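In the two complexes that follow, chain A is the common piece, with chain B as its partner first and chain C second.
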Partner chain A sequence: MKITRRQFIGGTAAITAGAGLFGFNMLAKSDVANAASNQTGVKTFRNVCPRNCYDTCAQISYVEEGVLKKVEGDPKSTYTNGKLCLKGYNYTRRVYSPDRIKYPMKQTPRGSGNWERISWDEAMNTIAEKILDLKQRYGSTLPVCLDKYSGNFGITHYGIEGTLSSIGYTTRAVGTPCWPAGIDSQTYDFGTIFNNDPEDFANANYIILWGSNCAWTGVHSLPFIMKAKERGAKLVVIDPILTSTASKADLFIQIKNSTDGALALGMARYILDNDLVDWDYVNANSIGFEEWADYVKKNITLDWAAEKTGIPKDVIIQIAHEYATAKPASMWVGYGMQRHTNGGQNVRIIDALGLMTGNIGKSGGGVNYAHLETWGFNYHAMVMPAPEGSVGMPGPDGTYTNRSVNMNNFAGDVQALTDPPVKMLWLACRNPVSQDPDTNDIIKMFNSMELVVTVDSFFNKTVELSDIVLPATTHFEDWDVMASYWHYWVGINQRAIDPMYESKSDVEIAMALSKAMNALEPGSCTYPTEGDPEEWTAKEFNDGVFNMLGISDYKELLDGPRKAKFSPAAWADGNFRTPSKKFEVHSERAAQNGLPAIPIWVEEMKAPNQYPIRFMTPHPQHGLHSQFQNLDWMMAANPEPLLEIHPKLAAEHGIGEGDMVRVYNDLGEVTIKARLTETTSPDVIVSYEAWYKDSKFNVNFTVKAIPADMGKQATGMDGIAFHDNFVAIEKA
Partner chain B sequence: MSKQLGFLHNSEKCIGCRGCEMACKNEYQSDASVRWRQVYQLREKDFSQPTRMFISIACNHCENPECLRVCPVKAYTKREDGIVVHDQDRCIGCKLCTMACPYDRPQFNAILKKVEKCNLCYERLDQGQQPACVAACVPEALELVEINEELDLKVGVLKTLPGMPNPSVTNPSIRFIGPKQGKQIRRDV
Partner chain C sequence: MTELKCPPSGAAQDRGLVVCMEALIALSRVFSAGGENLDKTLGSLSSAYGLWLDERLGEHPEDREILHQLTKEQEGEEPKSLVYEFNRLFVGPQSPPVPLYESVYRYSENLVMQESTLDVRQWYRSEGLSLAGRSNEPDDYIATELEFAAYLLSKAVEEYRKDQPQQAKIYKDKYNTFYREHLAVWLPSFVETLSASTREPLFITLGKIILRVVRPV
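Coming up: the complex of A and B.
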């Protein structure tokens, strides 16, 4: 069956009247043979998945008569290799979901569910009037607070920051809840984050996936790892959970949470004692190594490391020997392991292992965490001047700046502000009510606002607590350019279909707000009011990006994504970006931030007596944070959240398979159905964070906003120790 | 019948990523109520140590399809290449086939009130393409194969896995390479 876009919209409108009429099945190839043979009307476009994911997949979208029919991987990226993940194959369900937010809407009162469609003009005027009212009452726009992060990492989406900059100095959620402790570790050690090309895993003789469940969270790296394995490389997975990735390992090591540094120190002691150090590399490329080696010899024993980590001594010896002698040996340091109060320090110790074995700067090697080397765009949509005469936080030289609050203690920090208080929230690419720690405190903070504006595609938990919601386009409805924080490819994202309903991109919303602001008070907003989406994207490019990709015009990317012209081995040139230009085993910058100068052991956080069980809430398979899981195919495939619990622990509490379990601590609680499994250990329970449709499930009620040890050097704020989450359980 | 096409599923390579399952839905935009292909996690207790192992199952295009045998309106046919095709125009939605299939692969579409199932992407095959699920398999664990004696004589090729129904009922056109486990250092032992 063929449908036009107009008919399609007609079909979707009908759903509001009678559910049975809705037509996802209008997309279906009910007449398979005819649908396949009739390819004449199909146009293809280049897209890039903009989600917060290692893989940032190059996509091809298939569009017929203005309708997105299917999405595939782009074979021109050798990383994506023509294949998407399960989430990427769900995109038609996102674009055409009947649950999509279609128009600007207002909710009175907030949280009531009493939503009413309003026009874009009314929405923009309400928001503009509130901003101007707050500016008049408080003498600045500081009562307006932005919380934006990773819902869409397309470069033009930094126009969200630009929106707020263009109205004056505002309050900003600063930091990243995701990966900052590890970023700082590598900033202290290497000068910045810079991983080998993940396609270079194929050249490794030994691979340690240290806390990475890439079978779920970065699946396109696996073929390169498996290629190495087929060549005879050994695959070791170190993780507190026997994940799908760990199930494929030659050796799986179930480590006690947050003791990764103790294991690495035990390995270092063995490598030192057995003369397996690559002294040529160490002497030529590092400072402070002798000091650290001295510390290790005086303070670390293999017996201590075994006791600390729960890993037998002979196993520590085995992997230390193998890792030091395999040459090259590669490590992938996952983000979960740095979400601890000693997480950054543990990554620094692992970095030192890479250094001492000479595995840094080598193809098939590396201590691979992430990179931002391909992100050198103009951020044209982001950089906007404040209107003339704007007042903000006074800086030392008489200029004004924005006011920062810690994204990782958002509820607490916002409520603590009094001069002036925060009275309005602007949320885009962000769902704090679902994803932030201490959900109850987040809700309390939202309730103290005069206006909450959220830009989103679905009525998620944050939208539920908003006054106004603005409908966001999907990436198929927009122009953009995307880079990855893992692989080396950059791709253009074309507008494949017209924006659905009344949705707008973040830049278009900024332009609309600017019109409304300037109509009410000329000069009150500096954001441009004109410009088409492709032009906005074109303005993000510069010669640096062109040279890196070997092109001279962004339009060349319409022929396919391009890979940055880097060596496959990061740091191959030995030009580290630390103050000393060497790998800094001794880091004065770390010391200046109150941290140990060298990678010594820092005790992990212990479970309090009344909450003896660790509750891990890692990334899910069927979604990415609060995205995807709500879609109909995902709900059918994975209808409800589960709590992975070891049979021994379950038995102690009289819990059987399928029983409901109340998980609680002094902060809050969540009730989840038990799934008995020996893939976790008896003192660790696991439930994967997600937003399920029509469900109250949220893993963050018990999570305290405890900072990780690092993050402020490179990202402005320390991270969150998400996995230092301690609870008690009972059969519900 | 000149040959029998089918699937070879390598459980050693399969990571249970469910890309095949969703690639199938992407290709056909099938309703949420049907799952032509489905990834199942194998039972932990069937292994000597805990694990996350998977198989991916679609219609097995059986040599002796029960769906075809029980269908009262002859909606099922078996092609020369062994593919079992279901004609939705003939289907009356009686669900007899859904009850007869040992693998639960004919799926009832709750909106159309009719059955549907995997057709092995025969129209893609005719154009020289792989089935959508095979083309999407990141670890290359799923293959389109010709089921014949030569395949069955290969070392490591299995006709069934623990948890699968007895293949003697329908002689399904699927073969497996069994899962393999590495060494584990666990905290509960």
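Coming up: the complex of A and C.
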């Protein structure tokens, strides 16, 4: 459009000729009195950190004039006790980072970096048209695939699953990458996962942190552990890496990876030989113990355990004796140790140690892994019926179901589907291009899609390979309710500030998509199109949750989070949830799944000759998976990824401090700067998984989608042996 | 104020203010309408800047050269390359190297919603204005600040046209104070960052126009 100067100035004169005719675009006349009423000082709101973390911190947000000024821990939670972690104190920087994704955007072509801003209407219409087109072409919505996991564990975020359910039967990434082998081991043994209240660590006389680096990944448990220590409890840390947590221990045991079960079996042999078994507890509460004790006596020696684990025999004897006699003695089984091909089995052996010493069901005891006891919500945002006439995978009695693909072999499984193929991905609370094994295969799988939609707050590797990105709210801009998989507290999350820019919550996105779908094809989506965010949250509560928390209305949580009215000791009542109602040392369910019925030793995966070095990629201090590390303070404190390498191994390869090291195997490679340290052993190199801003770094290029031994019983799919990652190295 | 070549119907003294105001509005629209509408908004900016030049004939030969550059640099581009570059620089979804918010430049914190955000909110309130709320941008979003500056000039023009020169002067003073306390504080850093970040000469030219037309009256 060409405007002549005369027309232009003529228009201007008209605009400015009279009062109030200024052509406002960004601003509007407002009621000054109303505006002034906004200035009522600092308001506080209750929030809960929704990240995939043990601590699920109760937070108080301080808001002045609609601006989030500060976030603190909520002192009403005795677990977090008014404190946050390194990451939690960064939250204002996450909310107000100029890097946030602000508007719906589309990229043409995918991966080109050519982005255009689009309206929410255009975004929703494009997506709705593609869904309807796929349904038309393939006769169902199975070509639409959802991959959602742990980016936000708020209960209303299960509305993401609801979004897909409301359009029909779809393909779903099923499983959990993090912890399933351990979940199954405790499911076979106890019937489910159920840890003691972590505040109960304070009552222990002896604590073994077995593969837990809680100083980095669950910092609020540490004060309770230290409290026990001040009372005289001994703290033992067992880990392949001398972690920050290990530095606080009385005894650090550097175990060879994946041999935790061998150590536990050696301990069991000592406990059996020295008559330290709590027979009363074992006889009253378990089945199959004698069978296992017989196995241990016939097959296990302390010399073997020492050889296998790299731990001197006298140290094994010492901790076995101390653990069996300290009463109560507590163990925390971390998630890293079950990310092996024998990981679940190793946890089963450790569980048996807890049983034989009578440390289960006791305050100050437990073999503590996780729990889901406080998660009994309605999942109102999640449970949506398929539209009438929808077709999916044939289920029982002429019904239909979704189609499952293994989240832990996502790239491979999706590409293997042909009838119908997957043609559209919906990704929310999930960053598979950073977090999944075999990054190259993930990228290949993305390339086979007709449409990739990602909901996120930052431009991570998955957004980079999407066609449409939708801006997600942060938890300060949402209503929600959060429970923990570790402590016993449940908290409400208030909308403390208005959603920034054009960001929307997952439920709001679902409602918008439903409007678009139904406008194009009435009845094609069952998701409600209206609803207030607080009401959506209110609908997640039920009497079970109220009773558990000792409240009668969710609004009572506005006064502070509530702790479930449980005994501090899980399994104190002895009512195990196995088929036999006992602790099942012999598990028929394990046997039915092709696993050993009893917790016998299963050989660890060995390094192949050409890739002799184990590459561990544990959880970082400055981030959580691909969250937080991209923020400015984190980039300042921890500006680049490092490869921890033992000086001896480094010398063998001519690698010096600060040299770049190429880490590779037959699957892929990554180049990382060397940091020489004796905190790891000479056959293990370490780099912490993270997404750094403006960096191609990713630890998963060499990780194969090798399944862990367990996971399918309770989570649908086996886990991933992330730490059975073998590589070769050379100076880059 | 330079003498007018072709006075419009309004009083002579408001002509320069109108031209400044239009240039500010045109700049505001370049940002608020986004990369997708650059073909329209740059056209308006060319017109507004042309008028602005007409008001200051002979001041700086380079000023006029910029107008040619602005026109030239829009020609011969791939249809969407300026759109993509606009979004890469200012919008995202990649981390934008040149965010459009005062508070990012003003403090070492590199965050939105800082003190300057609340301060401009007070400025808007002082005129009975608040964000129109189409998109929940921080108050110190460049398009909003430029629009507010333009609004203050429009009020001055209005007062001149009502033959209220003293009232008009109050608005001119207010504009100059807002300019001094906000626009002048961050736009030079903004333009510097823009010039260092862009791959397209057009945006260097846009920066030059910003530094020329956003000025005291």
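Assume the second predicted complex is superposed on the first by the 692 of 732 C-alpha atoms of A that agree within 3 Å, B and C clash if a C-alpha of one lies under 4 Å from a C-alpha of the other, contacts with A are read in each partner's own complex, and residues count from 1 in each chain.
Here is the rule we use: a residue touches a chain if its C-beta (ideal position, glycine included) is under 8 Å from a C-beta of that chain, and two chains touch if they have at least 3 such contacts.
As the structure is a computational prediction, the values presented were derived from the model and not from experiment.
Contacts of A:153 after superposition: neither chain B nor chain C is touched. Legend: residue contacts after superposition of the two complexes on their common chain; A:45 is shown touching neither chain B nor chain C.
In the superposition on chain A, contact of A:242 is made with chain B only, not with chain C. In the superposed model, A:90 makes contact with chain B only, not with chain C.
Within the superposed three-chain model, A:250 lies in touch with chain B and out of touch with chain C [touch as defined at top]. Legend: residue contacts after superposition of the two complexes on their common chain; A:688 is shown touching neither chain B nor chain C. When the two complexes are overlaid on their common chain A, residue A:114 makes contact with chain C while staying clear of chain B. Judged by the touch definition given at the top, the superposed model places A:102 against chain C, while chain B stays out of reach.
Shared-chain residue A:664: touches no atom of chain B or chain C.
Residues 24-25, 27-30, 32, 35-36, 92, 632 of chain A lie at the contact with chain B in one complex and at the contact with chain C in the other. Listed in rising order, the residues of chain A touching chain C in the complex are 1-5, 8-9, 12-13, 15-19, 22-30, 32, 35-36, 65, 67-68, 92-93, 96-103, 105, 113-117, 458-459, 463, 469, 471, 498-502, 632, 693-694. Contact residues of chain B toward chain A in the complex are 13, 15-19, 21-23, 25-33, 35, 44, 50-54, 88, 109, 111-112, 119, 122-124, 127, 135-140, 181-188.
The touching residues of chain C, counted against chain A in their complex, run 8-10, 18, 21-22, 25, 28-29, 32, 34-36, 40, 43-44, 47-48, 50-51, 54, 80, 83-84, 87-88, 91-96, 99, 101, 104, 110-114, 117-118, 121, 124-125, 128-133, 135-138, 141, 143-144, 147-148, 150-151, 154, 157-158, 161. Remark: chain A residues 20, 24-25, 27-30, 32-33, 35-37, 69-73, 81-87, 89-90, 92, 215-216, 219-220, 222-223, 226, 235, 242-254, 256, 310-312, 315, 621-622, 632-633, 635-637, 646, 648, 677-679, 681-682 touch chain B in the complex.
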